[in-house]
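Look at the two complexes coming up: chain A is in both, with chain B in one and chain C in the other.
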Partner chain A sequence: MYAVRQFGNGIFSMNGREWSLLVACLLAIILFSVVSPHYATSGNAATVLRNSVELLLIGLGMTLLLAMGGIDVSIGIVMGLAAIAIGRVLGAGGNPLLALVAGPMVGALLGCVTATVVVLGRVPAIVGTLGLLGVYRTAVFVLLGGQWLSGLPSSLTNLLATTVLGVPVPALVIAIAYLAVWLALRRTPYGLHLLAIGNSEEKARLSGIPVIKTRFMTFVISCVLTGIAATFYVATYRNVEMTIGSTLALDAIAAVILGGTSILGGRCSLIGTVLGVLLLRILQNGLLLIGVPSLWQPVVTGILIIGVLGFEAVSNRFPLVQLLRARA
Partner chain B sequence: MKTLRNLQGPALTLALLCGLWLIVILGLLVLKPSVYNLGTVTTILQFSTILALVGLGQGLVILAGGAGIDLSVGGAVSLSAIVAMLSVKLGLPPVLLPVVCILAGAMLGALNGWLVNGLALLPFIATLGTFFVYSGVALAVTGGAAQAGVPSWLLLWGRGVVMGIPVPFLTLAIPCFALAGLVLLSTAWGRWIYAMGFNERSARLVGIPVDRVRFILYSLSGALAGAAGLVSIAWLGSGRPNIGQNLELESLTAAMLGGIAITGGRGGVGGVFAAVLLLVTLKTGLLQLNINTVWQVGIVGALLVFVLLADRLSQRWRS
Partner chain C sequence: MTEPFLVARNIAKRFGALTALANVDLEIRSGEVLALLGDNGAGKSTFIKILAGAHPPSDGELVIEGSPVAFSSPKDAASSGIATIFQELALSENLSIAENVFLGRELKRSILGIPFLKRKEMRQRVDGLLKELDAHISDPEAPVGSLSGGQRQAVAICRALNLNARLVIMDEPTAALAVAETRKVLALTRRLAARGCAVVLISHNISEVFEVADRIVVFRRGRKVAERLAAETNHEEVVSLITGAHPDVRALEKPN
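For the complex of A and B:
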């Protein structure tokens, strides 16, 4: 299919967009190392990677959603709710294995709620998830009862801080999730259906693609990945605060758009999303280290989204770019 | 019952909203009778002014179709209020404060319009981006602190009450809605907005300047957000960088409750007005019953989802 051919079948195959993202990451690292002496340390590199774990998992799901022409702005608070469930299990002295299951379970449940409203109820994704965002935010507050969930036992942390054959567990989980999403997208009918719906939902429906099933599944998959992300969040910070996940949805959308996935649907790049997440976290961490207050972070992210899309829109109008794109 | 069954479209919406409103008021009357005095009415209308202005802009943008939506309204309210207060602080004559506030809002709206029209970005992504930029800048520039120094004549306007009705409501919200209703119902511009919302392709083919109308509507939505920012300054006596919080959700809910179809081309501003009053009465009632304000965002969100689902279901039953 056109969409698949254009953006490569390989797990790590990169096109121009992804190479330029990689270059941007390296440039940002070099720039920040020159400006701030605290930047180029192994501790800081670990911090950046550590901070990327949740966003990488959520970004994979958001890539699927945006490629399908959907969106979920409630995803950050979904992680919050899953984190509360995990925290409650841990706090009650529950088995850490039960805590491992709690995140994806709550994620799947909330995914079904979102999908019921958006897919079965035929409500535009942006409006439906914005409404649910309000509901979930109240739910977080009510469940926490105005207090942080803190001082959780370290059983889950110990479980996830280990290494398997020298590879840290978070890296392993991300690799598995990446591989699973890549396989689903590029090697199964589901992936073709998803991209076709992104191109044109009406045409996909007319050609007999199970539109409702595919869309429903994608919303649930995205929320399950978010539930896994919540597990890592709780394991790392061992507390759940009131404002958990408030900018995660914006960050995920920004990373996916940076990565070259089209919000008009129909084409997507998983490796682009991974690089987009890294670039975003490198920028946020670097700006903080050179002394920009964290209040500016959403501004930077917002400008990135509009800037990238605006640049694409403008550059598409030049004949040379069109020619290069047609030949690539 | 016979008349209710014959009602359709906007009239049905209005009847339903009035019914809901009465239920809310009666519920409140039973739960807390002491609420009923002129002061509560004034408070409700005072709160309504801001949401009414923002909801009007939101409603018009959605009405014009093309997946139109303005998620940045809350950020635009905050930022225009902050811009106006800061420019007075930097030496602008205070007489110009209202003009600067509305103009700043209009510029922010025009930026949205340019992104949607000029660059052909999807409205929800473009305005989601500008929402975080506007509200983020308002917070970051002030460090979260309220900006004081409102001239006293402006406070006189903002806090004035005539027969229990706040002056900003009388002089800003009502005229804006009357004007919008008049334009929608009895001018070519109104017909154009409905036509392009209903079927953009046909609207283009018959020569309606779709792009120009849409750009103007986004700018208007920004200008109305600026006006809402002005009302907040004049009423609260300071420019607050978080005053627009949750307004994107509330204005969307007001527009949807008011019977404007999310796909555009259907609905009117009268319904939005009624929906704003209903929403604010509900919020004020919750406040009076000492229910935590966090519940507000959840209830408004649930209302939004409920209204959209009900709209879809009623369409299915009819067909």
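For the complex of A and C:
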């Protein structure tokens, strides 16, 4: 169970799980290319990558949360609330720079609310964030007043659709976010504390780790990343609809678990999360192109979660599978 | 003889009407392994919890190197140089040996205000400690989850040493270990004392105690009923002290 390979702490270290995800991505691409003539185009590749931006940012935060033994099921609606704030700033003709900081700021604020409930209030994370999900969802309805925010000015879009030295801004931001999260996780005391808490909160406390501070910070970091995701969302779609973010938490948890992060905490893979997000988006896009209605997307996500966790439960029960896995 | 590292004077602990510990006087010396023996409920655990700062005593005082101390938390005890290795070791199985040894007290350097781990230095320090303890663990980067029970004890001892502990309290360190592992942990205990640490060992295994302890203290019904130099007593006498069959204990417990 604690094979040494987990300690591949390199920035892009891959283990068996991650290689198989990469293979799964490639297989899916080949399969869809054969079935649909519209699939293997550069335009579609761009669409898949474009659709992955928000989920990549949110997935990084969710990886930290799950690794710590936490979870945030309200994360999609947090993005919705941040997107509304950004939309309002843009709609009022506000400075695009203000719109740029509005997302992370609203994210930080909501992260403090979540952390207050879950960490300071000691409500179990799954229950606390489920409660907040209800509250936030109603807040989205009330703030939007039953109407979409649409036709937002393109000032933010112009700012984020550019390239820096030939690299698209979203790719750059994701690279920076990945590097920052990886450094925090593998190169600072915070990362060690987070993993220790994920292993056992009680032992972490006995070891003299600042458990409350570490947990609080992590919920806030996750929401700030979500606020940045909201900025890209508004820049791309230039509208905010009533159902914004409703499947994001499910997608994020699915991608992170696919990537090899333990739902029980203590173990995580950032590169796995990236590959998990890509696989999820490739499948969702491909199924759409071969004629499966988008209504079915959450079904695919759900089946992936159940499949992965089911497989892990089975492989933990049967020694043979465990043995095979230990050899991997 | 040099001044003891810690002196406990007239220590008592009451939980409501229940007296868990009464009138315990004890000296703990550096470089010496002191074994606490006694039946379940004799007061050993209560006593070490007082030493570890987990319980405040109801009465009496603790004196460390001549000055009285009062612990309100395990952290206070730790900063006075007392480290406790509990039976259920507080190690994180998913982290490496080096990470565990430094957990909560990492070496770090600040770059742009962000604390970064000094991984190399931590690894080297732990490597040195493991060699010094002759713990037969070659790779400080190995996850603690992959170690045997005895190796985990060694990691916990490293952790205590790394906190510059002057007194290490070990609560039944060999209770869950196989024979060969037990031998190693006992050897570690001896080496800890040889390094100048004071060691307090709680054990149920009398032959084990005779193997490592310099002094033996027997608790019975919340009192210290006997103190012997290990060299001057034997298995039978210690058993009779624990069970209360020894004349000294009978005299002590005779209703007056």
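The definition used in the following text is that the second predicted complex is superposed on the first by the 309 of 328 C-alpha atoms of A that agree within 3 Å, B and C clash if a C-alpha of one lies under 4 Å from a C-alpha of the other, contacts with A are read in each partner's own complex, and residues count from 1 in each chain.
FYI, a contact is a pair of C-beta atoms (placed from the backbone, for glycine too) under 8 Å apart; a residue touches a chain by one contact, two chains touch by 3 or more.
The model shown is predicted, which means the values in this text are computed figures rather than measured ones.
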Touching partner for A:26 - first (chain B), second (chain C), both, neither: neither
Residue contacts on chain A - larger count, chain B or chain C: B
First (chain B), second (chain C), both or neither touched by A:46: neither
Which of chain B and chain C A:175 touches, first, second, both or neither: neither
Partner chain(s) touched by A:92 [first = chain B, second = chain C, both, neither]: neither
Partner chain in contact with A:167 - chain B first, chain C second, else both or neither: neither
Touching both chain C and chain B, counted on chain A across the two superposed complexes: none
Chain B - residues contacting chain A, complex: 67, 69, 71, 115, 119-122, 124-126, 128-133, 135-137, 139-140, 143-144, 246, 248-249, 252-253, 256, 262, 292, 294-295, 297-305, 308-309, 312
Complex interface listing, chain C residues touching chain A: 74-75, 78, 86, 90-96, 99, 103-106, 108, 114-117, 119, 141-146
Contact set on chain A toward chain B in their complex: 71, 73, 117, 121-124, 126-128, 130-135, 137-139, 141-142, 250, 253, 257, 263-264, 293, 295-299, 301-303, 305-306, 309-310, 313-314
List of chain A residues in touch with chain C within their complex: 1-4, 6-7, 183, 187-190, 192-193, 195-196, 198-200, 203-204, 206-209, 266-267
